[in-house]
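In the two assemblies presented below, chain A is common to both, partnered first by chain B and then by chain C.
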Partner chain A sequence: MTRILKSIEEFEGEVSESLVIVDGHDLPPARHDGGSPEIGRSRRRIDATQRVTGRARYTQDLYLAGMLHARILRSPHARARVRRIDTKRAEALPGVRGVLHRFNTPKTPFRGDDVIFREEVRFVGEEVCAVAADDEDTAREALALIEVDYERLPHVVDLEEALGDVAPQLESDGNVSESGSHKRGDTKRALKEADVAVDVTYRTSTQLHNALETHGAVALYDGEMLTVWESTQHVFGVRTGLKNALKLPYSRIRVICDYMGGGFGAKNGVGKYTIVASLFAMRFGKAVRCVLTRDEENLAAGNRSATLQQLRLGAKGGRITAIEHTSWSNSGQGKWIANPTGPTNTLYEVANVNTRSYKVVTNAGSLSAFRAPGYVEGAFALESAIDELAEAAGVDPLTLRRRHAGAGKDPITGNRYSDKHLLECYRIGAKEIGWDRRRAGGTRGSAPHRRRGIGMASQIWGGGGGPPAYATVHVDPDGSVVLTAGTQDIGTGTRTVLAQICADELGVELDDVRVQIGDSAGPFGPMSAGSMTLASVGPAVRLAAHDAREQLLGAAAGVLETPKAELRLEAGAIVSKGARTPLGEVLGKVDNNTVIGKGIRFPNADDLAQKTFSAQFAEVEVDVRTGEIFVERIVAALDVGRIVNPLTAASQVEGGVIQGIGFALSEERIVDRALGRVMSGNLEGYKVPTVKDVPTIVVKFVDRPDRRANNLGAKGLGEPPIIPTAAAIANAVANATGARVRHSPLTRARVLEALALAGIRD
Partner chain B sequence: MTRITVTVNGAREETAVEAHESLLTTLRERLGLPGSKNACEQGECGSCSVLLDDVLVCACLVLAASVDGREVRTVESLADGSALDPVQRAFVETGAVQCGFCTPGLVVATHALLRENPEPSLAEIREALSGNLCRCTGYGQIVEAVQRAAKTMYLHGLDDE
Partner chain C sequence: MTVLAGGTDLMVELNFGRRRPEHIVAIDRVGELAGIERNGHVRMGAGVTYTRMLADAGSQALAEAARTIGSPQIRNAGTIGGNLGTASPAGDTLPVLAALEATVVLRSKAGERRVPFADYMTGPKKSVRRADELIVAAEWDEAGPAQTYMFVSTRNAMAISIAGLAMVVDRARKRVGIGLGSCGPTIIRPADAEGFARGLFDEAGWERPHRPSESAAKELGRLVAAAARPIDDVRGTAAYRRHALAVMGARALSRVAQIA
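Up next, the complex of A and B:
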């Protein structure tokens, strides 16, 4: 019977309630006895061959017949009014097809604005015009011929400058607005009564995503359908964005993302380049390609906000009694911020907590979600501060955390955790790193000028996923299987793990399953973000496979004239009293019939909190002469429910740790304050970790199914591994040297400064 | 426009190129070989790695006009139908591929390394691949893939003798 149920979901730290249409019943939790043929097994990616041969087609690889090339003219000013645009010379250039700008472009609502080309441009890199031409070169040349009359306006790009009195006020209510707060207990009193307290300020710099494939779209319009290929984490989100911008019904928009080269949160929805390509495609009836360059990517395609964070912590009798945390995030021109106080609100059981976070607008490129947005920045500050408090209280930092990490309830909602093994993560990680070797004040390193230390940090994050998500399983007459699901593979291995779940539940070989995803023509599914893909889509796939299997067994019972209860489907064959008949043979008797299994994601329990937990341990050496940090070993111990594919899971964790190391040590957007220009817009100036920067990384999973979370018992793990890395490293550096670096990345200059402050060098 | 003749993956190709055009653009847009990726156009990421007269280069930094009369090999030449070559196989088996955008470049760079140095040390592998950025993996499985490929190619070489 079709009915409506309530569900609670968490997305990137925000909890919300939704209504879900359901039919039938969910499956009981999948078995976890080691007997499953696919789940829990390391499998190579089923699409790896396409990727290693160069045959996989990414958005930037599509060159359609007669395709036009669009390029975007971007503001050279941090803030200016666009008074006049003269495109005569550009349009006279042979091969130029058209120019779009604020004076000739229809209203196209985009993320809270009603146009894509604003009258007042508000950061260097903001879109001013777009050109379509027969080839890339001509389009680029045309950009240089466009004359724009700008009236320059006072700007501010720096977070702390924007907080000050002299900065220009960019919004009618100022640059600063409150975006969230949480209060429990009485921190004032607790701090007054504390034996020890710390009062510390942390800063984190802006991190740039730099997925290897830049943002881009190819749009094609045939008079009826707009088809858009886009490098995206959410084909349905792009579809919604296009519907809003272009006023087309869903049925006339199809968004496809077959292969894509990483997103990390920056590709969660439609971009201005998508709208530009679509507008031109609709105007000219041709395919139009708009793909950003690396420099454009780093100006206008999102970032992790820089933050300023103040923390006051108190302890009494060896326990944390109070945490106050105030945070300011540079949102650029973004309309939201990710909340850095999230971990403070929920990670530890502390009676008195008072947090507040503020959004600060500036004339810099806008934030977008970046792998555990807010939590990476917040965990750096919180977990560093906990170590500072432990040091002041004379308690081992891991011991101090253990005293607060056992709570079974979410402190904000009071809901019980569906499952939680944080203490187990501590145990596994501490053993693996050799925590008992840790000495207060660190130890001698491999040379007289090198100090060695160990540090750790922990993490909380969502990852429970939720509805709506749909899947279908078609079994063709030859016994081969097509799994269609509402999702896309952004590089995490989604195709592979969904195929495993399908093969497992259905009773066929992995190789027999073809996975069709990344297409808005299929059933709906969530964005590949918020660590929610597997936990959202996986259970729907299982249900669809189960439905198909029941139908197949019923069909086989008729064909073989055997009671259904005596039949099983195993490795692609119907098994009856020891005899195996290949599925294709059974279905051959009912040729050209198709079996279609359907599956949906059932709601989350509305009285449970579904969270992921983990801890990371870092061992480092620090050269006290140069300030250089050598990360030697990272141990990550994670509680993310059941692991479907240990190979792909471990590689996701390692990748998250490496991005965490980048955030901790080298990645930093530098913006010139006077001009508002990004000085680190390419991969030479912006230091993404290379193979030479990588330490030994040990990944350990608790690997216990979360039976109350969903029918698979699996939770997400895209984001958990990046959250605690920077704090674990900073804590190891402090242990090694006695110097506390409170600004990430911990560059040599900052380490040297902290060493000087601590009196270790002058 | 300049006309060039170049041998690409064993086939003779004649095409006209712009004076400022990169080999990467020629391969991707004129010769229908988008396996080599464009991630920076600046020689910083290695996604566009190809072999030019057997020497590893960033195709984005090579002027197309300068390859007249020369020989280029791209990732597309390595597999024989569905049969992967040992380097590609090793990348698949070790799980060294996530989004795969960096992979063609890494596969080609690994070929160049193993041709020069069939038994590279860990440090030599790291040095050789430090110009190939990957934003998804932790690089560990990539290094493992190179080691595995070296081993198979070495054993395979012995078989041939």
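Up next, the complex of A and C:
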């Protein structure tokens, strides 16, 4: 019976309610007795051969016959009015097909604006014109021939400068606006009554995603259908963006993302490059490719906001009694901010909490979601401050956290957690790193000028996923299986784990399952973001496979003339009292029938909070004369429900930790204040970790199914592992040296400055 | 005429549109440029790659510098001739060539010129090499094992150094050479620091290893830092560069003085 149910979902720290159309009933939790043929097994990626042999086709690899190439002219000014554009010389260049700009482009609503080329450009790198040409070089050459008359306007790019009175005010209500707050108890009183208190300011720099594959799209229009191949975390989101921009119905837009080289949150929806490619494709009836260069990627493809954060913490009797946290985020030209106070609001059971976060607009590239947006920045500040408080109170920092980490309820909603094993993460991690070796004040390092230390930090995040998400399982007459699901594999291994869930529930071999995803022509599914893919789509896949298996057993009962109750489907064969008949043989008797199983994601319980928890422990050495930090070991202990594939799960954790190390030590966008230009605009200037910067990473899972979360018992894992890394490292550095670095990344110069402030440098 | 050796600098320039040469001549397969001759004197052909130097560099400090450069791919392709051709103050082999008092051998149709390294660089990415001249080799006297190259950077690999320092103590010739990278428009030789170090070796005896006092090491570091003319840039501040040089100067002296 079809009906409507209410569901509560969390996406990147924001809780929302939705209505879901459901039919039938959900499955009971999957078994977890070690007897599953697939779930819980380490499997290499089912598309590994395609990937490593270069056969896997990424958006950038797509070259269609007669394809045109689009390139974008970007503003060289941080803020200017576009007064006039002269494209005569560009259009006269042989091979140039057309130019789009604010004076000739139809209204194309895009993220709150009603145009893609704004009259006032507001950061270096903002789109001003687009050229389509027969080849890439011609398009690039044409850009240089376009003459734009800019009226320059005063700008501000720096967060703290934008907060000041002398900065140009970019919006009618100023540069600063409140974007969230939370209050419980009375922090003022608690701070007054505290035995010890710390009052500290932290800063985090702007981090850039720099996914291996840059943003880009290829659009093709045949007069009826607009087909877009895009490197995206959400084919359906791109479809919606195109529908809004181009006023086409959903039925005439198809978005495909087959293979993809990462997104980290910056590819959650349509981009201006998508719209540009589509407009040209519709105008010329040809395929049009618009793919960003690495430089463009560093200017205009999103970032993790720089933050300024003030924290005041109080403790009494060895317990945290109050936390005040105020945060300002540089959103650039973004319309929102990720909330750095999220962890403060929810991670620990503390009676008195008062937080506030502000959005600050500037003339810099906009933020976009970046792997645990807000929480990485916020956890750096909060978890550093907790250590500072522990030190001031003379309590071991892990012990202090233990006293507040056991709560069974979400402190904001009062809802019980569906499951929680944070204390178990502490136990596992502390044992693995050897926390009992940690000495207040650190220990001697491997050379006289080196100090050694251990630190830790913990994390809370969503990852429960939710509806809507759909899957179908087609079983063909030869017994081969096609799983179609509303999702895309952004590099995390989604294809592989969905195939495992399908094979497990259906009773076929993993190799027999082909996975078809990344196509808006299939059933709907959520964006691959917020650590919600597995927990959203996995349960739907399981249900679809279950439905298909029931139908197959029914069909087999007829063909084999045996009661259905006596039949099982195992490893691709119908088993009846010891006799095994391959599925293909059974189905072969009924000609070209196709068995189609359907599955949906049922709603989340509306009185529970589905969360992921983990802790990371870092061991470092610090050269106290040069300020160099050597991270030797990171231990990550995670509670993310059931682990479907330990191998791909561990890869996610390693990737998160490495990206966290980048945030902690070297990744930093540098912008020239006077000109507003990004000075670190490529991978030479912007330092992501190299293999030599990667320490030993030990990954431990609690691996207990969260039976109240969904029928798989699995939760998300994309984001949890990046959240605590930087704070764990900063805490280890403080333990090693006695100096507290309150600005990430902890560059050599910042370490030296902190050592000097602490009076440690010789 | 523009030549291409490993292409690890030139291709970057081309890809970023900073240069558009009419003609490019690839010299990476010219065998005559790829040799290393050693007989108390080292002649390293311009085409010798960093990977080659790891095995045989004719200088301990040069081998250490080669090890820090780029990634395996870059070390397989990049050459000493290219490092000299680019003549960046951040070129990692250049402080070593300065400390070794190497000679750069240039050749053109007009003949061969031998330029002491001290006269070779004239500014950031500027040298006395004329457009028609090919770098054929770098030459220096073998200086013994008491030498080292140190640098600090923003991460552990694939990063241009924030500051680099080479120190060569030629015990036989009673000579100290120090070269500083990434801290001025050209590679800097800190004359006062070299003089101070010579005094230390005169006192302690050139032939024996010794452990310099902490105050001596510190003083050397101070003199090194005083000679630098660093700037603030994306990679680091002038103040940090000066500080790092002082630390490296002290460490280099302690290390090298203890090598026989």
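As a convention for this text, the second predicted complex is superposed on the first by the 761 of 762 C-alpha atoms of A that agree within 3 Å, B and C clash if a C-alpha of one lies under 4 Å from a C-alpha of the other, contacts with A are read in each partner's own complex, and residues count from 1 in each chain.
Simple rule for what comes next: a residue touches a chain if its C-beta (ideal position, glycine included) is under 8 Å from a C-beta of that chain, and two chains touch if they have at least 3 such contacts.
None of the values given here were measured: they were computed from a predicted structure.
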- Task: Have a look and say if chain B or chain C is in touch with more residues of chain A.
- Result: B
- Classify the contacts of A:Ala579 with the two partner chains as first (chain B alone), second (chain C alone), both, or neither. neither
- Message: If we overlay the two complexes on their shared chain A, which of chain B and chain C does A:Tyr63 touch? Say first, second, both or neither.
- Response: first
- Query: Where does A:Arg748 make contact in the superposed view: on chain B (first), on chain C (second), on both, or on neither?
  - Reply: second
- Message: Contact-wise, after the overlay, does A:Tyr259 reach chain B, chain C, both or neither (first, second, both, neither)?
- Response: first
- Message: One more residue to check, A:Ser666. First (chain B), second (chain C), both or neither?
- Response: second
- Item | First, second, both or neither for A:Ile21, with chain B first and chain C second | neither
- Message: For A:Met225 in the superposed arrangement: first (chain B), second (chain C), both or neither?
- Response: neither
- Query: Looking at the overlay, does A:Thr690 come into contact with chain B only (first), chain C only (second), both, or neither?
  - Reply: both
- Interface residues of chain A shared between complexes with chain B and chain C: 684, 689-692
- Message: Looking at the complex, which residues from chain C come into contact with chain A?
- Response: 71, 152, 154-160, 162, 234, 236-237, 239-240, 243-244, 247-248
- Item | In the complex, chain B residues that touch chain A | 18, 25, 28-29, 32-42, 44-45, 47, 74-76, 78-79, 82, 84, 88, 91-93, 95-104, 107, 125-127, 129-143
- Could you please specify the touching residues of chain A with respect to chain C in the complex? 625-628, 665-666, 670, 679-680, 684-685, 687, 689-693, 747-749, 752
- Query: Residues of chain A touching chain B in their complex?
  - Reply: 42, 44-45, 47-58, 60-61, 63, 136-137, 210-214, 259-262, 264, 293-294, 490-493, 647-648, 650-655, 657-659, 682-684, 688-692, 694, 697
